[in-house]
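Each of the next two complexes has subunit A plus one more chain, namely subunit B in the first and subunit C in the second.
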Partner chain A sequence: MPDTPQAIDPRWAWERYRPTDAAPWDIKRVGHLYRRAAFGASWQELEAALRDGPERTIDNLLRGRADRDADELWTLLSRGTSQANNGEQLPALWLYRMLQSPHPLREKMTLFWHNHFATSNAKVRNAGYMIGQYELSRRHALGSFRTLLQEMSHDPAMMVWLDTTQSRRGQPNENYARELMELFSLGINNIRRPAERNYTEQDIREAARAFTGWSLQNGQAVFRENEHDDGEKNVLGQRGRWQSRDIVRICLEQEATSFFIVRKLFRFLVSETVPATAELLTPLARQFRESDYDFAALVERVLRSNLFFSAQVHRTRIKAPVDFALGIVRGLEGHLEDANPQHRLGTTALASALDGLGQKLFYPPSVAGWDGGRAWLNGQTFLLRQNLALALTSTTDDRFGRRTDPAARVRRHHRGTDAAQVDFFVRLFLQNDVPASARTRITDYMKNAASRSYPAFWTSEDAADHRTRALAHMVLCLPEFQLD
Partner chain B sequence: MFTRRDFLKRSSLVALGSSMPAFLGRTAAWAQNSERPGARDTILVVVQLTGGNDGLNTVIPFTDDNYARLRPTLRQPREQIHRITDAIGLHPAMNGLKQVLDDNSLCVVQGVGYPNPSQSHFRSMDIWQAASTSRELNEGWVGKALRHVPAASSFHLANQNEAAPLALTGSPVRVPSITSLQDFQLRLEASGSADRRAQQGIIESAANPTSNQSSSLLDFVQRTAVNTYASSRRLQEIGRTYEPRVPYPASGLANHLRLAAQLIDGGLGARLFYVSIDGFDTHAGQAGTHTNLLREVSDAISAFYRDLAARGHRDRILIMTFSEFGRRARENGSRGTDHGSAAPMFLVGGRVRTGLVGAHPSLTELEDGNLRHHTDFRQVYAAILDRWLGVPSRQVLGQAFEPADVFRQA
Partner chain C sequence: MRWLFSLTACVILLVPPLSARAGDSARDPVRLIPAQVELVAKLNRPRDLLETLTKHEAVKGLMKLEFLSGYFDGTNSRRFLQLVTYLEKQLGHDREDLLDRLAGRGAAFGLELNEGKPKVLLVLGARDEKTLAKFLDLTRGLIDQELERQEQHVKFTRGERSGCVFWHIGKEVFLAQLGADLVVTNKEKLLHDAIDIHKGNDSASISKLASFEASQKHRPDQSLVWLWLDLQRVRAIPSVKTVFDSLTPDPQILVLVGGLFDVVKRSDYVCASISQDGPSFHARIALPQGREGMSKAAVMFLPDDRNGSLPMLQPPRAISCTSYYLDLGKFWDHRREILNAKQADNLEGIEKKSAPFLGGVKIGTLLKQAGKYHRIVYAEQDKSPYKIKPATPIGAFALVLDMRDPAFAKSMNSILRGAALVGGIQFGLRLVEEKQGEHTLVTYYFPEDKRFDADVNNIRFNFCPCFTHVGDQFVISSTLELGRDLIDLLEKENRGDTSPATSRTHIYAKGVADNVRKAEGALLTQFVLSQGLSAKSARQQVRDLADLVERLGQLQFGLEYGANDFRFDIRWLMERK
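What follows is the complex of A and B.
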C-alpha cells in the first residue's frame, strides 16, 4: 500500500463510503474496520460483516448490544478490585471487559480517552479512583467531549494525578492547568497557523488559580470556598473571576481545541503516516465545534468515510500491544465463558505480557500517554510480540494452555488440507495481505513437514496439530501482522 | 564446525550490512594507538532523569540564606549535605556520588539550560534530546553522533513501558532497545532441529524488506525485524552470567547499568548507552520521593563507575545525567515544586574535571521565578562530542557551541 503523501481532497475524504468496483466491500475492508473500531474479528464476524455490508456492520459497531449479565459481572469484579485496592488487577480487569464486551467500539474509544487523559495508578495508588475515571471516560466515550472535559477536572484520580487536591488560594499548583491546555484541549502549537502558540505561561499561572479550592472527601470532589482564589484572572484574553468550569469553557471556545482532538482521533482511527494536514482536518473540526463537541457523531463520520476505507490508509498504523494481543485471541476464539474451566481464558497472563510489550493499562508512562506508532516497536518489544504469539498458539505455555489452540479452530472450521489451513490463517489474521513469496514458503513448510520425521512417541494427530500451531505462529510473525 | 549453512547466513548478513547494528559487522578490533579524541574507544552513558529534576535540592547552595527562604519545608539540613565546596554540596541521599567525587571522578556543571526555556515536559525533553529548539524535531543528538562513529554500537536499555527515545533517532542503523538479555530471543516450538531451522528460516526471511519504499511502515517493521533477529543471535553468544566487581543496588536503574557493564564486557564494541529513570515531576509531597530518586541515581551510578573502574575502564567511561528542566526556585504550597528551568548536570568518569564547573545560579535574580542558566546544555554536548567521542560537534548541533570546560587536560 502506498503511503507517500499525495493530496487528498478533504471533501471526498469525509463523504460517505459506498462500495464500488474500485473499492469493493471485501475482506480487507472488513478486517480494517474491525481492527480500528474493535479489537479484531473472529472468523464468524468477518463472514457476517461481508454479508451484511458496510452500513449495517458499522451500525452494529456503533450501537453495540445490550448485555446485562456482562454489566453485572463487571460491577461485581470492579467492586472487588476497588475494595481490595488491588491496582495490579486493573489491567487484567479491563482486558477482560474488552474481550467480553458486546460493544467493543465503546471500549476502544475509552482506551482512546485513557491515552488522552493519561492517568497512572503508579501515582494515584487507588484502584477505586482509577476505575471511577475509566467509568467516566467510558460513559462519555461516545458522547459529549464538553461534558467529559468538564467532569475530568473533578475526577478523583485526575485530581490526585495532577495535584489539584494540593492547590490552594495563594499557593496554586500549576500541574493540572498546564496539562489541561497542553495535552487535554488546546495543544502547544496551533495546527492551522503553525507559527502561533495557543497559550502562554501566564495563561497557565492564571488558570491554575481558578482550580484552587478543590479537594477530596470520602472519594468525592468537594469545593471549599475559603481555599479558592476568587480574584480576577486573565486567561486566553478573557478577564473575570473565573472558576474551574469557566477555564474549561474558555478552552472549549478556542478553535484550536477542535483541531487538536480531531487530529488525535485521526491518528487513532485513520492513519499514523498520512499527514493530518489542517485542510484535511478542517471539515471534521468544524463539525466537532458546530455539534458542540459531539464525539459520537465525529467517530461515526470517520468510520463511514471514503478515506477510512481507502487504500491510502490501509495498514498505516502500528498495532498497539492491546490490538496485537486481542487480535490474536479474538481470531483464535479464546473464550472467557466456557463451561470447561480448562478452556476458559483468563486475562491475567495477557495483562502481564502486555506490560512487557509496553502497554500496561491504567499505568501509562506519563501524562502524555503512550507515544504509539513506531515507538511501540523496538528490538525487545518486537521479540516479545513474537514470543507472545507463540505462547498463544503453541499450547505448551501453561498460561494459555489449549485455550487458544489453532488446531482446535481448524477442526471447528473444517480446514483439513494443508492448503486450506494456510488459506484459513492468512485470511483470518491478515485478510490475505501477504506477499506471494512468504505464502509459498509457508505452504512449502506444510508440505515438507508432512514428510518430516517426528518423535516416535507422537501420534500422527500430534504431528498434524503441531504443524497447524507452527503455521499459525509463522503467520502471526509476518511483518504485515504488526500493521493495524 | 563451519557449515555451508553458516556461510550462507553470514553472506546474507553482509548483503544487509547497512541496516545492521555495528557490533554485528565487526570484532573488537578498534584503533588504540591514535591520539585522536574518541580513538581510545571512549564510552558514553546518558542517564535521563525524566520529569524535571529539582536541581536546587540536588546541588545545594547551603550557605545562601535565600535557599532556606525559598524552601521553607523542603530545605535539607546543612550538616547532612555532602560538601563539594564550603558553600555548595550534594543532597544528603547522594553519598554514592560523594564517593565518586572523592575519587576525583565527578564533575558538576551548574546552571545549565537554554534560552526561552519551555516548561512543557514533552517539548523541553524533545529540545534536550534533539539538541535543538527548532519547531519540528525529528532527530536526536546521539543518533546524529552515531553517523560519525560508524564502528561504535549503541544500546537503549529500556524500562518496560518505555519507547525508544528521540535522542537515538537519526542513527544510520536502528539502536536496539533491550530490557533483559534473557528475553532478547525468538522462541519457537519445534519437533526437532530441522523443524526449528525451517520455522526460523521462514520467519527471518519474511523480514527481508520487500519494497524499495524506505519510508513505509512495512519497511520499518521489516528493518526492525532483520536487525533484531541478527542482534538477538549475537547477544545470546555473550556470557549469560556477569560477575560485577562491586555489588549493585537492587533498583531498575542499577539493573540497566549492570546490563551496560555486561555489554561493555562482552566485547561487542558497545560505546553508547541510553537509560532513563522516571518520577522527577514532584509537584507535591516532594521530599521523600526526591530523596529516594536521588539515592537510586547516585548509588547506581556509583556502583557502575566502581565496577568498570575495577575492570580497568575508569578512563574510558563517561556518564552524563540530565533532566528536561529544573524546578521553580520557590516551593509551592503542596510541599512540592512546579516546573522551572536551569539545573545542574553530572558528569562521571576518570577524565572529567573534578568539582564544580560554573557558578550556582543566583537565587535572587530569577526569571519568572526560575533560576537563570549561564551554560547552554549544548556547550556540554559540544565538549562530549568534540573532546570525548571525537565527533565534530558543529555537525551534530547545527552550529558552533563553545565546549564547556568539563574534561581534565590530557
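What follows is the complex of A and C.
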C-alpha cells in the first residue's frame, strides 16, 4: 500500500476511496475490508471481491443478502436456547450465526453494540432476555442510534443488568443513569475540550429519578406510574418533569454523544493506534448528528473512505478472539456445507476455546465491555491462540475433526505443489503481508518436511496432508495474523 | 511421553483376547504385577467386552446417531484403523485372530499411586508367543518411526535383566516379552520386579498378598472386568490420610454418607466388578466389612430385620425414585453415643430453643415421631396450574416420609403452615385445600399478578407446593399434580414388598425418554451448535435418541450391608429381544 500523509487531513480521510495506481484495489485491501467489515473471508469471497471492485463489494457487505433458511434456523435455535434458559449456550449460538450469516457486517456491528451496551448473563441469568437484547442490537446495528438507545433503556436484560427493575420513587437506583451518560452516550470527558466533563453527579442523580417506575412482568418492561418519581428534574441544564425517554433525548441533544460514538466506531473499524483526534472525527460526528444518528450512513462513510483503505490504518488493530477464530474457520471453509463431506463445523467447542482466549460472548467482563487492543494478547493467550489454530488445522482434535482441513482445501482449490500451497495460505490468511524471511522459513519447512520419514502405516497421502496442515498452522502462527 | 502410552494403550485395547481357557489361571497375567501396586484391574474376557461394546443394541444405537459419529470423523480414528490394517498385514492374521493370539489370556493393569507421578504396569497374556514377538518388534519400530517424525532424537534401547531382554526409551517407557506375556511400564523398578516374578520370585507378586488373595470372592471369574484397590495402603498415603482424619462423624456427614464411611475405614480393600447377563449389566462395589463391628451410628442406618427399604413409588412420568432407611428417632435416642459430647451438647441446645420455630414442637419430639423409611420421587411435570412459564423448567419432586406416630402429621402440619405463613408475606402465597378422594392436600399457589423482583426468571412458577398424609405416610410435594398421583399410588401400595437394601434408587428410561422428547427444542439446538447438523437432521437425531433411551430399561442402584460385607450394586436392566 502507498504511504499517506503523516498528519491526516480530515477532508481527505473521509472522502470516498477510488482505486488509483498508487492505491489499487488489490488483495490486501480486499482482505482488510473483510477483516474489519466481516469476520475474514474465504478464498471465493476474496477472489469475487477482487473482481467486483470496492463499490460493489461494499454494497454487498452493507446490504447482505436475504436467506430465509438461515432466519428460520436462527428462530429455532434461539427458541431452543431461550426455553432451556441455557446461558452457557449463548456464545455458541451467536458464533454459529456469525459464521453462517448472509449479512456478516450486521453481525459485526451487533458485536460492536454488544461491547458498547455490555451486558452479562452472569448477572441477568436469563438466556431469553440476552437473546432479546442481541436482537434489539442487531435490528438497529445498521439503523438509528436514537431508536437503539431509547429501546435499550427498557430492554429486559439491561433493566436487570443495571438494576432499573429495583428503581422506585424515593429509592432511585443510579446505575442506569450513570452508565447511560458515562458509557452509552456522552462519555466522561469532552473530546473537543478534554478539560471539560460532560455531566455532573447531580445530573446522574436527577436522571435516575426519571428512570423510576419501570419493572418486568412476564418478560416485558412495564411502567408503573405509582412507582415513578413524577417530580421536576434538572438534567444537563434542561428542567422539566422528565421521564426516561426525555433523558435519552437530552443526552442525544448533546454534541458530545456524536463524538463519543464516532470515536468508538473509529477504534472498532479503522484503527486502535492512529490517534482519533477531535479534528479527524469532526466531519463524521457532524454527519452523525445531522442525520439524526443514522448509524448505517456513518458505517458506510467509514468503509468507503480513503483513510479506511490507507496504509496508515492497515493492520493497526489486534484481532479480537472472535475475529481470530472465525477468520480461520471461514478461510478454511468450515462454515460451508459443500466443502465438508459430513456437515459444517459446530460452534460449541469454538465458543469454549474463545472463553479461554478472553472473549465469552454475552458475558463481557464488566459494563465497560472488553478492553480490547493489546489486552487481548499476553503470553498465555498467545499460546492458546496457537493451540486453537493447531486444533483447527491438525484434524486430530476430535472437537473439530476434519471440518477445517487445510489439506482438503488445497485439493478443492487445486494447489498441488509446495510452492502453490505456500502461495495459497499466505494469500488466503495474510494477503501476502509476510516478510521475505518468514516466507523463506515456511518454504524451507516444506522442503525439509518432504524428505522426512513417516511411520510405516502412513500412506504417502497422509504424509503430504500432514505437511499441508503443518504449513497452514505455521502461517496462522505468524505475528501478522494476530493483526486485524 | 503420554502419547507413547496412549499409542501402547490403543494397541492393547485393540487386542481383546478370546475367553480364558481352563488351566490358564497359573499363567494369569496378574501374577506378573508386583506387590507394591495399590490398584489392580483386569479384563478377564476382553473379547467379550469388545463384542459387547460393538454388538450391544444400545451401543449400536448410539453409533447410529450422527451427532456422536461426528466425533469419530477425525484423523485419529482413521489412523487407528490404518494401524490395525497394517498390523493385520504384517503379522499375517485378521484382526480377530490376531487379538486372540496376542491377548487371549486377559489383560491386567497395575497402578502404584503413592506420592508423585503414578507408576503403571500393563500385562498382556498372549496365546501365541511367536506372533507376540513379531508384534513387539513391529510396535517398537513404529514407535521409533513416530519419534523420528517428531524429531525427538530418541530410540528404543536394548537392556537385559536376569537373561530377559527388555527395551526402553530413557527412564519412561519399558517393554519386555516375558514368555507369552507382554509387559509395558513407565517405571524400571516395576519392570525389574515383573522379570523377577517371571523368573520364579513368586513372593514379589500381588497374587501372594494376603488382602489380594482374600478378595478372590469379590473378583468373579465370570465378570468382564474387575478392579481391586488396597485401602489399607491408600489410607496411609499422607494426602489421603489427611482427608480421612479430617472427616468427623458430625450429624450432616452421618446423614449424607451413612455407614459407608464406617466400612471404608475398617476395610482392607475395595473391589469392583462388571458382569453381563444378556443385554443387562451388573456392576458391584464390595467391601469386606459390614454390620458387625460397626459404630453405634449403625442404629440409624440399619434395620433390625431384613426390611431395608420400602417399595419404589413410580407415578406417571416418573424419572426416578429413591427409597431409603434412616431412623432419626434412634439417632436422637442414641445421640450421646453417636456424637461426641460437644456435638451432643450443641444439638440439645438447639432442641431447647427449637419449639417456637417448629410450631411448638421440639426437634427431639419430631424426630421420634418420624418413621424410619423414606422415599423421594422425581417426575416430569405435565400440566402446570399457571399460565406463566418459568424461564427454566424444573420437574416435580416429592418426599414421602414414614410416620412412627400419627402425631407426626399434626406436627408437620403446624410447621409447614407456619413456614407458608412467613412465605406468604413475602410471595403472597395463596392457600387452597384441594381434595383427592377422602384426602385433603394443603396447597399453596403463587399469584401470577404479583411482582417479585428477586425472581425475574419466574422460577417460582415451577412450584405449587402441597402436603398431605395417606395412612402412616406423610407426603410433601413440589406440585399438586405429583401430590395427587402419590395419593393414588400410596392407597394401593403393597407395603410387604420391601428390599434388604437400605438405600435404593431406580431411574426409569421411559421417564428420561419423555424428558428428552419434551426437551426436543433444547437438544436439537445443542446438536446443531455442537455438530453443525442441519435442523432436519438434528430433529431426527433427538427422536432417535429418545427412542433409544426408551429401550434402555431401568438403572437401579442399591446399597446393602451384610454381616461381614458391604455391597453397592448398579444394575442396568434391559429387556431381552
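To be clear about the criterion, the second predicted complex is superposed on the first by the 471 of 484 C-alpha atoms of A that agree within 3 Å, B and C clash if a C-alpha of one lies under 4 Å from a C-alpha of the other, contacts with A are read in each partner's own complex, and residues count from 1 in each chain.
Methods note: contacts are C-beta pairs under 8 Å (C-beta built on N, C-alpha and C of every residue); 3 or more make two chains touch, one makes a residue touch a chain.
The shown structure was predicted, so the numbers you read here are calculated from the model rather than taken from an experiment.
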item: A:P479 touches, of subunit B and subunit C: first, second, both or neither?; value: first
item: Which of subunit B and subunit C A:A470 touches, first, second, both or neither; value: first
item: Subunit B versus subunit C as contact partner of A:P455, first or second or both or neither; value: both
item: Partner chain in contact with A:Q171 - subunit B first, subunit C second, else both or neither; value: first
item: Which of subunit B and subunit C A:T396 touches, first, second, both or neither; value: both
item: Which superposed partner A:L384 touches (first subunit B, second subunit C, both, neither); value: first
item: Partner chain in contact with A:L428 - subunit B first, subunit C second, else both or neither; value: neither
item: Most subunit A residues touched (candidates subunit B, subunit C); value: B
item: Partner chain in contact with A:A349 - subunit B first, subunit C second, else both or neither; value: second
item: Set of subunit A residues, in rising order, touched by both subunit B and subunit C; value: 166, 394, 396, 452-455, 458
item: Subunit C partner contacts - residues on subunit A that touch it in the complex; value: 72-73, 76-77, 79-86, 89, 92-93, 96, 125-129, 156, 160, 165-166, 215-218, 340, 342-349, 394-398, 400-403, 452-459, 462
item: Residues of subunit A touching subunit B in the complex; value: 1-4, 162-163, 166-168, 170-175, 178, 182, 188-189, 194-195, 201, 204, 272-273, 315-318, 355-356, 358-360, 363-368, 370-371, 374-384, 386-387, 390, 394, 396, 435, 437-438, 441-442, 445, 448-449, 452-455, 458, 463, 466, 469-470, 473-474, 477-480, 482-483
item: Subunit A partner contacts - residues on subunit C that touch it in the complex; value: 66, 70-76, 79, 82-83, 85-87, 141-142, 145-146, 148-149, 388, 391-393, 451, 453, 456-458, 519, 521-526, 528-535, 537
item: Residue ranges of subunit B touching subunit A (in the complex, touch as defined); value: 50-51, 119-123, 135, 156, 158, 160-164, 174, 176-179, 183-192, 194-195, 198-199, 201-203, 205-207, 210, 213, 215-218, 220-222, 224-225, 227-228, 231-232, 278, 281, 283-285, 332-334, 336, 338-339, 368
